[in-house]
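Multiple structures follow.
The following pair of complexes shares a single chain, chain A, combined with chain B in the former and chain C in the latter.
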Partner chain A sequence: MLNKFDLLVPKTLDEALQQYAELGSKCKIFAGGTDVLVSMHGGHKAYALLMDIKNLEELKGVEYTPEKGIVIGALTTHRCLERLPAIKEVYTALFEGVSQVGSVQTRNRGTIGGNICNAVPSGDTLGPLLALNASVIVQSVKGAREIPFGELFPGPKKTALKEDELLIKILIPARLSNSASAYTKFARRNSMDLALLGTATDLISNDGKTCDNARISLTTAAPTIIRARKTEEFLVGKELTKDVMKEAGEIASAEAKPRSSWRSSEEYRREVLKAIVPRTLAIALDRIQKGVNIP
Partner chain B sequence: MSASTTIPAESLVGKSLTRVGGRDRVTGAQRYIADIKLDGALHVKLVTLPVGHARIISIDTSLALQVTGVSCVITAADLKQPVPRFGPSFNDRPVLAVDEVKYYGEPVAAVAAEDEDSAEEAARLVQVEYEELPGVYSVERALASDAPLVQAPSLRGNNPLAHTNIINEWKLDWGNVDTAKADLVLENTYTFPMISHFAIEPFAFMASAKDGGITVWSPIQHPFVMQRIIAHVTDLPLSAVRIIAPDPGGSFGGKAYPKFEPLLALMALKTGRPVRLVLNLEESFQASRRASNQVWVRSGFDHQGMLVFQDIRADFMLGAYVDIGDRVVSKAAYTAAGPYRNPNARILARSLFSHTTPSTAFRGFGVPQVSWAIESQINQAAEKLGLDGLEIRLRNVAHKGELVIPGGTPADGHWEQTLQKAADAIDWGTPLPSGRGRGLSMGMKPSATVLSSNVLARLHMDGSLSLLMGTSDMGQGARTVFVQLAASELEVPPEKVQITMGDTSIVPFDSSTSASRSTVFMGNAVRLACQDVMRKLKEIATEQYGVAQGEIQIFGGKLHFAGRSLPYTTVLKDYFGPGRGEIIGLGTTRARFEPEHPLGGNPAFWELVAVGCEAEVDTTTGEITIHKLATVTDVGKAINPQQVETQDAGAAIMGLGHTLMEHLMLDDHGRLRNAGALDYRIPTIKDMPGSLHSGLVENQDGPGPFGAKGAGESGILSISGAVGAAVSQATGVIIRDLPLTPERVWLALQDKANINPSAIHSKSLDHDSGVHQLADGLK
Partner chain C sequence: MSTQKYPIKLEVNGEWHTLQVAAQHSLLQVLRDQLNLTGTKECCDEGECGACTVLLNGRSVTSCLILAVEVDGSSITTIEGLGQGDQLDPLQESFLEHGAVQCGFCIPGIIMSGKYLLKKNPKPTYEEVQEGLAGNLCRCAGYGQIIEAVLSTAEKAGEAQS
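Entry: the complex of A and B
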């Protein structure tokens, strides 16, 4: 049963921000609704007031230039993103994230902004965006500000957005030459599943062998999405041999904080990390060597 | 207009006619029960407790009754006493919980309100005071000497097992297992999980009382079983009970037997208003499931890999009420030893009560649960004896006419052909790509036994035909097959044949749509009904035209005699006058009831399958990739090959579900942890094998029309055994518990890598310590 609720449908961003400033947490934002409405249907949540932000033009659209990078409106759906050549060819890790969200139907409705603001550690765009060094623009009646992805998730199911702020867009920097990214989602089936674990890598290797820089994120490996900083440090300057990548997996596994639950044991989750971190590094390296994923 | 010019009759059989009703199904035009609105209906919501077993202390409905729109809240105390109990085999299930809740999801009360939301709100306000009681949530607990008795002995009459949680013991014994001499003996224990049917259409029911009778709407597979049970709980004659059963949106056995229809019937009678209850997916999970089980088996083989004996003990965990579960166990017991020549066998299968959702029919009906154990044993024997999965089966599989069970129905097909075809389909014997393994398995299921089916065939004055019958088309395509059979028998165009099903006030009696029986038994009845029409056509032609019956021939949709050729329409018009009559034919099939037979009679056919699988395992994570999966089924004759193939493919995919990922889990309070789509995983289109092949063997040697045997379940019977063997060849580890989740496979691999045997991480691996004895002759 869906509880009775009131619905606000602001037509402009100003109107939305104004209303949001007045109502704050009394009002639940809803974009595609694939998280919000599902939680209400299940009876877990009973929001009395929803604000549908689908009409806000400022939150729509995607702009890509090789020099400046990509700007993605918060309302952009996963389906729209997975079909953009710029995402598939340039921001490959993000492509691998958005194209693995739920099913086509879910992706037709679900937005990237909703995925970010839902802030669960299994969100499929979160790891890729963190590895790709994204940031977000948020705005309230008081003005707009930029938050780097690394500071966006202070705790489980929490974002750094203030009570009156809306997520407007996502910025991902321009790609550096000789870099490539990849995201591995480890789930118990191949679609319609949440990541039991995941890892994204953004790798730079000028000679196609040595790691010049790596940004590695881990999904569902801790209460929030995390960077595998020790792993990154270990990799810099090393030749990416099989053994080195394997060791990277072990380091990542050790610095992660997975928990045991009835769904899976901590021990196994750590083991999966040992497998998927090297796997993902190898894919990114292979892309660099083959010249795929390079602007 | 000549009927026969469009489609030559014989060409209809064996042709893949487009699915009748298929378009409506895929476009959403089909009306399921939830789509049917009854004027003035009250909406029902069930009140359940968050535990598997509890004593009900008190129920306070006062708050709930204050909700606007609430009409009534019914508890067991409001029903006639003693509270009516029902079930297909035993009348053990009360329409509402009496004194105790015995499974998570069992209703203690039912709210009826003007709209769904009010019913739901009121259901939450029903205050139930209860005391949680220790529950029986596993086979071990069911058999423990200090376990609570799930069912009161008083309900079980003078059953000698009344003071245990054992519902029944099914025993088969032939030869002498104790004195049989084997060179290789394998003794192991296997487990099969509790799983959900997960039909896409959740359960929905309606009832309406009128003119001293009751009408019940249910997506039921067996409308006439429902009719009998509704008559029983309402004390109404069968003629006053009408069951309307629109085509179910998937069932797989889950909708075979009554759930909450008896409750709704009593509520409709009590309130005088129509009532409807639509369960959500989570509630549907709580309403039906397949029995889990544990199989201990000791198998003996000689040097050559010939089976010497099978010693099998299988314990099935049924739920709080028997439902049809004990029949499932009887069939599992009957076929436990598989499609092989077994000189000696001892089989004991026990059905056990537990405080869980009543388990019911499920595609395969007990066979997948035992076949997993038996086929795995055979694969391991092959490995130990230096044979392969094909060779050992070719040596043991029963040849046509040989017995698989003494006194039973002999092998009714060239099963070795089926096996060989499955092996060929996965390139058995060709070099294996590295990291991969291959496996084979076989499965055998008895057909329906005690039964009868009727068809009324009405040949209308315009030459079109209506068939009335009690089969349910739940997606298996029954309508299409019957159209093909009738159109070919009477040589009328298939588009002129209409089928009416699903209304007990219109269609004649049919025992059930189950056990892959409809094409064979109802199919034969369709042909008989059409032949009856032809006989009557000859009769009226004799009367009308004065020709002897023996001189009349019917073919091409016409009657031929004395140099004349008259279409049916002309004969009808001449005999009855224009627009004034029709011919009604009746076709009946029956299988005799033999009270002494464990199944009530010998099966008319065996549903037989061979499965081949090629799989790869990622040893770092335990993930299994299925590269090839092939099922080959002996169907005698495929009336509609595409339908048989897609049924088998669907069944195979369903089998992959319980083999790789499906598993209902209970918490300590007996609650389902993973009821619903998020944590209960069935395979998606992206989880399909690299190649999926559904092969058929057609030797026209079955008892159905044109030599058909039943189909549709065979694909699921033994997927696990073939996948398990492939995984074991790929990794060198043997896992005996399903499903083969990545974590379980990984744990097994750790166990193998670990020299220290004390490092067994999981309880689930306890069963892996099988005893392997190599007797003298074989070292």
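Entry: the complex of A and C
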């Protein structure tokens, strides 16, 4: 049961932005509601006013071209993304993120925009999007601007969106043919569990052996999602042997800043990182060798 | 805060209804309390257990996490909409045959998830059924029979086609 609240249902983006500019934090935006309605359940959070943005056409649709990359409307559900060949075959790390959110029912309703704006470090799309070098377009009555994913989360449960801005769409650049990506969600069970830890890798290797470039993200390994920059630097130019990947895991484990929580201790999280970072690198490398992630 | 009611139209199991709902009313509450369709169960109210699963425009959703006003104009199928008269849906029959129903509380939700799974994937593997039903909890924990019931429905449908 939910407490009483009022509801705004704008029909156009202009109307929504206008209302949001006037009301700001007095009004809680919701898309799929799978985070917002759960947080309101049992009077836990009481919002007096909700704005349902589900009717805004500008926030819908997915466009993919191998040359330009992919543009994903903020309202796109995880389920819709999971079933798109371009996501599964080309942006595989993101496929591995969206297809592991909650249950089928959650994915049929929950949106990628909601996952991003909810800004919890365990969000399953965040690590893949950071590794894949995504950015987002946000908009207010004053205009639109682009924010790179690396600048989107200034602190835990915070986004860089201003009080009157809506997330409109997500952009991921075009892929190179000698690259592949992978995401590992480490949780206690396969479905319906939040990530204890996660890591995504976007790897470029022209000869299928050497690392020409790697972008590695770590989720739930620090107060916000982070890039494993020292690990990335270490890998460039190295042949990806078992030992090199193992060392990469140790560097990532050392540069992460996990904390102890009731879910698991800091020490345990550091050990898990040593295992999942090399594992994810190996999966990406294998995909390059098999040529499976080609746009 | 206002006690405003919103007029909505819903097609439930093939029949249109015009209803007055408050903003905070979930689809689950409206189905149960206004339309007396109590086959859809209320349990965790947080999207975790799946007992309230219905099909919304053909897609499985947890009706506790959906506001009734959000789905104005939509088509809903609940467990009551599957059979025809005394004739059960083949998936329901299969649950009976396999002894997949113990206390029964979770079964309407599980059957709705099963219907959605079989529509999207008419020949699922054992693992795909597990994954497809992952959003539905059964505390009697007879998952083995439940999964067999779904698999056998798929097999029978396949045989009937070939």
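Here is the rule we go by: the second predicted complex is superposed on the first by the 292 of 295 C-alpha atoms of A that agree within 3 Å, B and C clash if a C-alpha of one lies under 4 Å from a C-alpha of the other, contacts with A are read in each partner's own complex, and residues count from 1 in each chain.
By our rule, contacts are C-beta pairs under 8 Å (C-beta built on N, C-alpha and C of every residue); 3 or more make two chains touch, one makes a residue touch a chain.
Because the structure is a prediction, the values reported are computed rather than measured.
Peer 1: Just from the overlay, do chain B and chain C fit on chain A, or is there a clash?
Peer 2: Partners clash after overlay.
Peer 1: Looking at A:A254 after the superposition, I want to know if it touches chain B, chain C, both of them or none. Which is it: first, second, both, neither?
Peer 2: A:A254: touches no partner chain.
Peer 1: In the overlaid three-chain picture, which partner chain does A:E271 touch, first (chain B) or second (chain C), both, or neither?
Peer 2: In the superposition, A:E271 touches chain B alone.
Peer 1: Going by the contact rule set out at the top, does A:M1 touch chain B (first), chain C (second), both, or neither?
Peer 2: The answer is both, since A:M1 touches chain B and chain C.
Peer 1: State whether A:V236 touches chain B only (first), chain C only (second), both chains, or neither.
Peer 2: So A:V236 meets neither chain B nor chain C here.
Peer 1: First (chain B), second (chain C), both or neither: which does A:W262 touch?
Peer 2: The answer is first: A:W262 touches chain B but not chain C.
Peer 1: Is A:N190 touching anything from chain B or chain C once the two structures are fitted on A? First, second, both or neither.
Peer 2: In the superposition, A:N190 touches chain B and chain C alike.
Peer 1: One more residue to check, A:V9. First (chain B), second (chain C), both or neither?
Peer 2: After superposing on A, A:V9 lies in contact with chain C but is clear of chain B.
Peer 1: Using the superposition described at the top, determine whether chain B or chain C touches more residues of chain A.
Peer 2: Tallying touched residues of chain A, the top partner is C.
Peer 1: With chain A superposed, which of the segments 6-14, 24-32 or 600-608 in chain B collides sterically with chain C?
Peer 2: 24-32
Peer 1: Would you please give the residues of chain A that touch chain B in one complex and also touch chain C in the other complex?
Peer 2: Residues common to the chain A contacts of chain C and of chain B are 1, 103, 190-192, listed in rising order.
Peer 1: Give every residue of chain C touching chain A within the complex, in rising order.
Peer 2: It is residues 1-4, 6, 22-24, 26, 29, 45-48, 50, 53, 56, 59-62, 65-67, 69-70, 113, 116-117, 131-132, 134-136 of chain C that touch chain A.
Peer 1: Show which residues of chain B lie in contact with chain A when the two form their complex.
Peer 2: Interface residues on chain B, with respect to chain A: 116-117, 120-121, 618, 620-621, 661, 665, 667, 673, 677-679, 681, 683-687, 741-743, 746-747, 761.
Peer 1: So in the complex, which bits of chain A are touching chain B?
Peer 2: Result: residues 1, 103, 186, 188-194, 262-265, 267-268, 271-272, 274-276 of chain A touch chain B.
Peer 1: Which of the residues in chain A end up touching chain C in this complex?
Peer 2: Of all residues in chain A, those touching chain C are 1-7, 9, 33-34, 37-38, 41-42, 48, 50, 52, 54, 79, 102-106, 108-109, 190-192.
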